[in-house]
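Each of the two complexes below includes chain A, the first together with chain B, the second together with chain C.
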Partner chain A sequence: MPRAIIKVQNMSKTFISKERKKFLRPEKREIQALKSVDLDIYDGEIFGLLGPNGAGKTTLIKCLTTLLIPTEGTAWVNGFNLQKEENLVRASLGCMLMGERGLYWKLTGRENLEYFGALYHVPKEKRKERISYLTDLLNLQEFLDRTVETYSSGQKMIMAFAKSLVNDAPILFLDEPTVTMDVHAARELRRIVKELNREGHTIVYTTHQMFEADELCQRVAIIDRGEIIALGTPTQLKKSLKIQDVVNLEGVIPKGVAEKVKAIPGVKDAVIKDVKAGKSTLGVMCDNSRKLLPKIMEVLLENEVQIEYIQPQDITLEDVFIAKTGRALSVDTSEVPEEEKGGAGGRV
Partner chain B sequence: MGTAIAGLGLYKKTPRTSFGVFASVLKARLIIISRYKGSLIMELFMPIVFAALPIMLGVSLASGGTPVAENWKISSGTADFRAFMLIGACTFSVVSLMTWLVGFWVRREMVTGTLESVWVTPAKKYLVIGGVTGYALIRAFTAFIISFLIGSLIFGVNPFQGNILIAVLFIMIGLLPLWGISFMFGALILKVKEANSLINMLQWVLAFFMGVYFPVTVLPGFLRYVALSFPPTWMTNGVRASLLEVGYFFEHWYIDLAIIFVFAAVVPLLGYMVFMRTEKRLKKNQGMGLY
Partner chain C sequence: MKSGGTAHRGFGYSDHSRKQNFFTFLSMTKKQVIEFSRYPISFVAEFSQVLLIVGMFMFAAIIFIGEGGAGLPRIAGIMMYGFVLNMFLIFVLWEIGFSVREEQYRGTLESLYLSPVNKFSNLTSRIFAIVVWTVGMVGIALVVVNYYVGGLPAENVLLALFLLFFSITGILGMGFMAASLILRLKESANLLLNVLQFFFMIFCAMFFPFSALPPEILNTVTRWIPLSYGVDSFRSVLVGQSPELMALEWEIVVVVLFGILSPIVGYYLYRRGERKARLKGTLGEY
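For the complex of A and B:
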């Protein structure tokens, strides 16, 4: 039985924000960013929080790092209570929360690491050792002694990552760390995350990209509108779908076609996943694509869809998300009206 | 209800590492400001410009034949009205520097994004704030001395009159309650996020009540009491009284200084409490980030 190193209990967070639609008369609006979240994160795992923009990932992390006080509920981190032992919770964590914005741009990388090391109560001699260790680990030599303002955005992100490692904390929170990195740097970061995990660090990693969660994480929680809608290993999650196939069709696909495809008997779900330069990708989930494909093509042709590319595909974590919400991961939550919630895909 | 415990990494809380927090914040601030040389030089000349306005006014009034200095002496107690204005302008620049450096510090780090990075560390807030304040005190004190000397040169004021030691004492102890006021400013700025114009105005109100350009004793009854409840008023008058002959509010320098001392003991504590309460309320609502 694995032991929880983070235990979240019944955690809710409601933001009250003023909307200034009417002049001089702001309307108050409540946003429930977290809704009674219960969650165990195990000692020594890489735990993924996967969800679209606006799902509540950052809010959960901010609550767990003491930056926000939850409206309700509590948590234990590394044995310490979130509200009663704030400072020991903080001492247990390394955080990369807002990426490059967390650094002082007028200080050099080394000065930043020195500064944050001191704020984490790392003794001076240890700080020196740690910085030279991190320099080797993350290849910082080239830009360590330049002010951060002169860095490329990839270098800033790596330095922000280094900052999160400066106190060698047992638990690491990484909030979308690769979001502004190029493919190569992102892969390198994930490699190091795995290495740190092998050394025994527990890592909480948020992302809105399913392949990252799939590749990196031992367990994944899928989060949507402040609720955890699925939890398990990537394999378990994909198996839970109970469908056989996903076919991706790429081309010029007008609106409303997805609905018509969905109406075909045997099709579980059809969602536009990705729109790039006028081309869309329609993901169709079904039990047997080989049998259904002719029927799907028929519907598409009736609607004057131009298909350029057809690709059968293994089930991904995004398909799990689609099956549960009827939406693609790339759709920002705030762009979808609340009523649609749960309206499409059936909840399991 | 417990969870597994996996140690605390390199975190080691000792008096030395606690002092390290304070020292590192102070050091980082000094390094950062040393990379903005232009603004430092501007800062030194601000009080001189402030002082130039009333001094030129005085000079031009005097040129009509009326001995302005005589009149001035009747209301303020000193004929050296250039020195009077220069001291007022310099103390005002110290007040505005302190409120600006400490009060806007949180807001600035909020905007740049570093505030959350600092707030997730286990460093005690008073150590971080202490570092920022230490820096602000050093900067404000240095600015006062240098501006005063340059200003003296420009306006032909003798900077070495009266009792300089007591003047310095008034500045140094006077800075402490200012620190507390800065925190109330800081709390206000956290609450009213777009507070720039409000703060600007408040600074001028402060300038009015602390008597930058005139002795507060000329204010009518009620306003005079308001002015006297501002610690910077006591600092300004203390410096003037020790260098010129304007007289202390309570006759002797040590009584005035004792009153500033009381302010120094109470106001920072009050300011810190107000600030931490605002911070907590913020964390219960939107948080310390820019949303």
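For the complex of A and C:
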């Protein structure tokens, strides 16, 4: 059995929020962002943390990187206790958590890398070597000596990624690193993440994009409302659904239709995955979509649904999330180009 | 189990020796200077502001004493030496206040807290750059005034530098306390710093003799502020007069204690403020 490099034990985090009502004293409300999380992340794996906004992914990462102090529980990172050996935990990590917000905009990219290298106590000569290596690896030449305020969003994200690599830490935390990157840059980043993993780095990767997790992660944890609701390899998680097919139907779908489709014998689940510009995507999970499609269409036509697009697809991690929670993730994965998703579909 | 049973894979390129910690401090100071140099207008404005403030007080003094009046160098000395401490106080409070808040707002404060860098070292690196800059500015202001009034009094310069050193370390501690307040109060802290700046300017009699303060204020407020003794002793030993608050030897003791204890208490309060921010999740709040 592989050895853990991060071990989370019974970790909980509660925030107190104050709600103001006009001039009255603010009311205090407890928000439990993490609920008794137990988790092992193995040495040398790419571990994915998936979940919708507000699920607790960022809270968990912030606790593990010492930015937040957990309310209960503890963790061990790279052999060090989270609460007792904070600085040794920090020295073990490379982090890309706030994207472009983590950079000094009045400094050039090179000065940022120099500075953050120094904060991680990387000696000057090593820093120079490392910056030169990262410049070649991430193609930073074009903008390395410009102040960050002149960068595009994508360039800022690449620089933030470079910053997380400057100390060559054994563990990398990457929180939605491809957000705001174009398709090409995102693909390149994923290639480098795989390369870093082959070199022996353990990588904790959060994303909304299920295909990214599918492509990169050896294991994933799906987190919802502060709890880990599923954990395993992407294949194990998808197999655990015990269904064969998923069909996505896009069009003008009135409320209540999903329930009617769900009532068709053979349909395991039907959920509105996304709503955009008045159009919805209905995801239908079943054992045999070819056999059930006429029946599904019949129900849709009876309810005056205007269907514009039918797309049978392989089961994704988003379907695992839907099956576990009965809800869809808010991110529109249909915006991802076909070449990135590897899916098939056609207009009707 | 000591490591919780988890694997250990080293620290990459990080070197945690004392020598490297010192170089990290230098790099942090260098970054402050580079950032400062990227705001040339603010650079020129601050410098002009210092000379304008000095001019304002000098011309006010001349109105009361008359140009070439016998007491002008002494009055100029009282004002300028108080001004020196006032400059250190203002620059330290504002530099720490603004820079911590700005980093919290921008998100770079979280980046800083992700790194293993010593937080004391980080705070002092911010102040170190600004203290060096302030020394330059007050130095030039002193030269200008010295030339204008025909020589400022400078009786016991060595003892004055000794007192200035401990007053500055004491002010440094006040800066740490300000940083702790910033983490807690965010925007409102800037307003508070503004008030505090004038509070110390008046109640520590930075631009006038302590005798100008009403006895009630002198006894209930001024005598309870350690910085008052820094102003009084520093000014007295340079102008060559007896201190106004207590005997010089006792004032020296207070100033040295202030210079040693204030950074310790200030840093303790900063760490408490930081822990609260990490518990509440407000380190990166903007």
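The working rule: the second predicted complex is superposed on the first by the 327 of 348 C-alpha atoms of A that agree within 3 Å, B and C clash if a C-alpha of one lies under 4 Å from a C-alpha of the other, contacts with A are read in each partner's own complex, and residues count from 1 in each chain.
Here is the rule we use: a contact is a pair of C-beta atoms (placed from the backbone, for glycine too) under 8 Å apart; a residue touches a chain by one contact, two chains touch by 3 or more.
Please read these numbers as outputs of a predicted model, since none were measured by experiment.
> Please determine, from the superposition on chain A, whether chain B and chain C clash or fit.
Once chain A is superposed (C-alpha atoms), there is a clash between chain B and chain C.
> For A:187, select first, second, both or neither according to whether it touches chain B, chain C, the two together, or no partner.
Touch status of A:187: no partner.
> Let me test your reading of the model: by the given contact rule, A:77 touches which partner, first (chain B), second (chain C), both or neither?
both
> Could you look at A:239 and tell me whether it touches chain B, chain C, both or neither (first, second, both, neither)?
Neither chain B nor chain C is touched by A:239.
> After the superposition on A, what does A:5 contact: first (chain B), second (chain C), both or neither?
In the superposition, A:5 contacts both chain B and chain C.
> Going by the contact rule set out at the top, does A:146 touch chain B (first), chain C (second), both, or neither?
After superposing on A, A:146 lies clear of both chain B and chain C.
> After the superposition on A, what does A:124 contact: first (chain B), second (chain C), both or neither?
Both: A:124 reaches chain B and chain C.
> Of all the chain A residues, which ones make contact with chain B and with chain C?
Residues 3-7, 9, 15-16, 43, 62, 65-69, 76-79, 87-88, 90-95, 97-98, 101-107, 111, 114-124, 126, 130, 147, 163, 167-171, 200, 202, which sit in both footprints.
> If we count contacts the way the header does, which residues on chain A are in touch with chain C in the complex?
Within the complex, chain A contacts chain C at residues 3-7, 9, 15-16, 43, 59, 62, 65-69, 75-81, 87-88, 90-95, 97-98, 101-107, 111, 114-124, 126-127, 130, 147, 163, 167-171, 200, 202.
> Show which residues of chain A lie in contact with chain B when the two form their complex.
3-7, 9, 15-17, 43, 62, 65-69, 71, 76-79, 87-88, 90-95, 97-98, 101-107, 111, 114-124, 126, 130, 147, 163, 166-171, 200, 202
> Across the complex, what residues on chain B touch chain A?
1-14, 16-18, 20-21, 23-25, 28, 31-32, 35-36, 112-114, 116-124, 128, 280, 283-289, 291
> Considering the complex alone, what residue numbers of chain C touch chain A?
By the definition above, chain C touches chain A via 3-16, 20-21, 23-24, 27-28, 31, 34-35, 38-39, 106-108, 110-118, 275, 278-281, 283-284.
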